[in-house]
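Okay, structure first, notes after.
In this document, chain identifiers A, B, C and D correspond to the written order of the chains, with residue numbering beginning at 1 in each.
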Amino acid sequence: MQPAPAWSVSRWFNADAAPTLETLRGRVVFLHAFQMLCPGCVQHAVPQSLKVAAAFADAELSVIGLHAVFEHHAVMGPDALQVYLHENRIRYPVAVDAYRDDDPTRHPLPLTMQAYAMQGTPTLMLIDRRGRLRRQQFGLVDDLRLGAEIATLLAEPA
Amino acid sequence: MQPAPAWSVSRWFNADAAPTLETLRGRVVFLHAFQMLCPGCVQHAVPQSLKVAAAFADAELSVIGLHAVFEHHAVMGPDALQVYLHENRIRYPVAVDAYRDDDPTRHPLPLTMQAYAMQGTPTLMLIDRRGRLRRQQFGLVDDLRLGAEIATLLAEPA
Amino acid sequence: MQPAPAWSVSRWFNADAAPTLETLRGRVVFLHAFQMLCPGCVQHAVPQSLKVAAAFADAELSVIGLHAVFEHHAVMGPDALQVYLHENRIRYPVAVDAYRDDDPTRHPLPLTMQAYAMQGTPTLMLIDRRGRLRRQQFGLVDDLRLGAEIATLLAEPA
Amino acid sequence: MQPAPAWSVSRWFNADAAPTLETLRGRVVFLHAFQMLCPGCVQHAVPQSLKVAAAFADAELSVIGLHAVFEHHAVMGPDALQVYLHENRIRYPVAVDAYRDDDPTRHPLPLTMQAYAMQGTPTLMLIDRRGRLRRQQFGLVDDLRLGAEIATLLAEPA
């Protein structure tokens, strides 16, 4: 099983100290990549992530959002994202996926998206207590199966 | 029954000629006010409006969106709205509710919102063939009742 | 447009006087055929019929159920139906579709089902104020379109 | 933690050999009590149980239905249940909760229902690999939490 690739983040919201895979070691991580103007994200994946955060509030699970913008950059910048998080009452940490500073062509995919070879948004990822990427799914996932997958990882020793 | 107040529009999308209550006379108008970052709009009211547009595609009904921004103006401008309409495949005309040019304080409510005394977003309005405001509802409306209300107005003579 | 075929009823529930197409003339009739052990009926069509009855409680609409049993007769008899109506709080009139008394073979389809050439259950039918069958649909119908169809018939003169 | 009470069964469906808590030892048991004419069971709990059976088809989970009839006995007998199971494509084992043979008053609650002190239907119970009752819930349970609870028990050693 492969270790989860490191995250490249240009800015964090809802986080005093920037979370990393190292600081989260020992916990299960529910990482969900989204774009604030992607209909499937807004209508399904983000509400599901909020539900996950509530259902596992007392568990050793960290919910992390990744704003993985690969289109329409001008209108999905950090200011817009901040409003989106506020309006949707998202209180868990959200990272803005980064671009290479020296990329004059502004490659269409941000760096974390590339590192995980994501196909689009929404994508959900489950990372186990030992930092390994155990599940990556583009599109929607059923609540019953998602609950089971999270609990299975939570039941593993750290 | 009161005539529907005129619309104050700073910009139209998906419209060659600006629709007005006068040019729409003879048709029933389903006008829905929304903000592109309002969760209730995005998750419920806009999908319902798309469904109305599809269900009544062959009827004498005009579906009109009104982007009634009263908060977070910086990130809900016309460029952002254009992306939102594209991503959600909204092809019916959408108006941007206007502010008074000479309003140095930028009053919190745009002009059409004020004229209709709307309480927030989403708000749906039904205007009959004679241009009268027959229904205004803040919040969500059930599909069964909405279908009935639209059909009742369509059945009235022009 | 054809007149709605007459109903053949072996027993009524929730009705003091047996409704007929003649006594209902002048009203719109929402007739829904179901079987109490048909999953699509129980999970979707019957809840929708209860919703129709509530939404149009003040309108000139009569909601009528037709228990059209064409299989498993032994366990969907009138006693079982009475419990079903009670448990689901169905208070509108429900007719038990009849078999010919002299039919030794017990033809697989009851008489009203035959007269309307229904393909199965659930089936919904809309009959206009003049007693004409305007719509017949096997399977599920969307709330928005159903509300519109009912209201269209209600708007016609008696 | 208490051991799950034994089941009192007058008849099994979909089972060659009668399952018992002893024969199921080592597996997690999802036991759901229902009545075939209880609306909450038919519309929510039974469809959810079918979903659980499909989602955990490859896991060491046994889904067991318990037809716990405490009202309207005449119309929810084994013949009616057999039709219900057939129409809903329920293929996992279903037990008919038993009454005491020598109970002339036909006590209103069948024996398994009494032993578990169930409050009504639907009720779901989760029994762990060691035969202990770990969860009992009257009413509806959310898919996300249910999936997590099942997976948590599956992760425990036998």
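The rule is short, and it goes like this: a contact is a pair of C-beta atoms (placed from the backbone, for glycine too) under 8 Å apart; a residue touches a chain by one contact, two chains touch by 3 or more.
Owing to the predicted nature of the structure, the values given are computational and were not obtained by experimental measurement.
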Path length in the contact graph (chain B to chain D, fewest steps): 2
Centroid comparison with chain D (C-alpha atoms), farthest chain: B
Fitting chain A to chain D on CA atoms, where both chains share a sequence, rotation angle to nearest 5 degrees: 180
Same-site or different-site touching of chain A by its copy chain B, using the half cut: same
Centroid spacing, where centroids are CA-atom means, of chain B and chain C in whole angstrom: 38
Geometric centre distance via CA averages, chain D-chain C, whole Å: 34
In chain A, residues with contacts to at least two other chains: none
All touching chain pairs, where touch follows the definition stated at the start: A-B, A-D, B-C, C-D
Contacting residues of chain D [partner chain A, same complex]: 51-52, 55-56, 142-152, 154-156
Contacting residues of chain B [partner chain A, same complex]: 36-39, 42-43, 47, 72, 74-77, 79-80, 83-84, 87-88
